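A, B, C and D are the chain letters, set down in written order, and residue numbers restart from 1 in every chain.
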């Protein structure tokens, strides 16, 4: 089993700079999370973007799809901002022969209280256990991208 | 989808009491971990034991097997100390018609740096995604209880 | 010994809202920090503002000075954003007969890695131990507001 | 200002080893705490013991007293287990011309929720701000070693 991980940014990687009193998308947090959990399955991490998912353009999305299509690994995990995660997941349905899982977090990984570690763990099992297809792994559930929506008021993913 | 969770103790639930200058098994930490991750899949938590797994007796193990056997839910997750997790997993093979996942952590959930949140996330996906059978979910891998060992020197689970 | 604590906002109280993908000033974090540290000295917390210190106006600063002047307690601690902390400290020199300590943090208290708990501990001792006067308690040092500057490039307070 | 820090062990430095399902006194946590808080006052850390304070012998205590007596720095901070902290503080009254502060924590520094960072911050200000003498810095208060007791039932230091 080999898992290829692409990072694209999003809340999970948000850091805070006092100098600017602002947040920016920083280093991929999944690297430290996998290290801290002593994960021994074979994996490789590659950064594609460091963007809020609202800032991902159609051209960016096309890059993600092409990189996944030409990736030799059959198991692909993508960390992604939650606002357009469903849109990217739907674009990835054109890629055959792979199990593709999108995951993010609703609170930055650097916070004391965050869903980041749980979500990454959840996605790492989903990408190993599920058959070919594209999935969204959020709120402890495995969603079909055709039957999910982000409820912004409740700040969670729900069946749709 | 409904997940039944049994807790039996182990390192994941260890707390520290200064009065005794000692660690003891405390409240099940999975409750707080699932709450913090905003998990919306339906689940129920029940405590069976609060023991180091080295202290679990054959009688205790028989209780675990019987409780799982008579549990109506098809998806069962068990938090368990790592030292005898494999032994309990093998005893559970006699239970038909269920997906049963055992998980623990190598560092207490109350630590700043711990594998607990990742592992619980990993196990929650495993119990939803895998077919009937008994599995050990540790170190980011889904193990068959017949083909795994705990490497005590390296403090991790490995294929055997 | 009784310590009066005024909170005015700043990085220490920053929270993150995914819905807005932005940080805002939230509940005063000093309350939870003092509770977690089992602080038994008598204290009282009152919120004056929830602002980035760059957004504090001259009128706001006059409110702070008047509230401290009319506060019966002799020991006053103020949590404050770091960008204009020195300016507020200098304005408070007109208040006689009190030990007044300003403190903040360079990383939000809700982060896993933050200077918030250390700084609040440092300030709580400073306000109890120092003679009458106004002090800035940052980076493990007790500064005279006349002889300190914030080095923005290094993101720390230094003698000036 | 130069602060000399001696570490002697205690709960603050407790780590957990799953291999033994036991805790031991580990590396001095004050080093990482001071680094994370970006402390810029000049300090030096030296480890004398790594013991539960109940295991410190009269000979160990004599070593602490002699090391402090011959230490050139006027400001000395000692991290120490809480069970015999008062006894060590009283032994140190024979050392003239120094401000000596003893501090520890009731929960290990490696825990998510701990009094360690606050207490170290509190002690670092106490050792800089107080006149010559020996002090215990716990629970947000500066205690005279002659007028303090550890209330084991409440797990806190109180006036006595």
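Just so we're on the same page, a residue touches a chain if its C-beta (ideal position, glycine included) is under 8 Å from a C-beta of that chain, and two chains touch if they have at least 3 such contacts.
What you see is a predicted model, and the numbers here were worked out from it, not measured in a lab.
Among the chains here, which has the CA centroid at the largest distance from chain C's centroid?
Max centre-to-centre separation from chain C belongs to B.
Over half of interface residue numbers shared between chain A and chain B means same, under half means different, so which is it?
Counting which numbers both chains contribute, over half are shared, so the two copies meet through the same residues.
Could you grab the centroid distance between chain B and chain D? Build each centroid from C-alpha atoms only and quote it in angstrom.
38
For chain A versus chain D, what separation do you get between their C-alpha means, in angstrom?
Measuring from centre to centre gives 44 Å for this pair.
Centroid from C-alpha atoms only, then distance chain A to chain B, rounded to Å. What do you get?
26
Give the residues of chain C that touch two or more other chains, as numbers and ranges in rising order.
Correct list: 106, 112-113, 155.
If every chain is a node and each touching pair gets an edge, what shape is that graph: line, ring, star, complete or other?
Looks like a ring, each chain touching just two neighbours.
Of all possible chain pairs, which ones touch?
Here the touching pairs of chains are A-B, A-C, B-D, C-D.
Under the stated contact criterion, what part of chain B meets chain A in this complex?
So the residues of chain B in touch with chain A come to 1, 33-34, 36-41, 106, 113-115, 117-126, 128-130, 137, 139-142, 155-158.
How about chain A: which of its residues touch chain C in the complex?
Listed in rising order, the residues are 11, 14, 16, 18-19, 21-23, 52, 54, 82-83, 106-108, 110-113, 152-153, 155.
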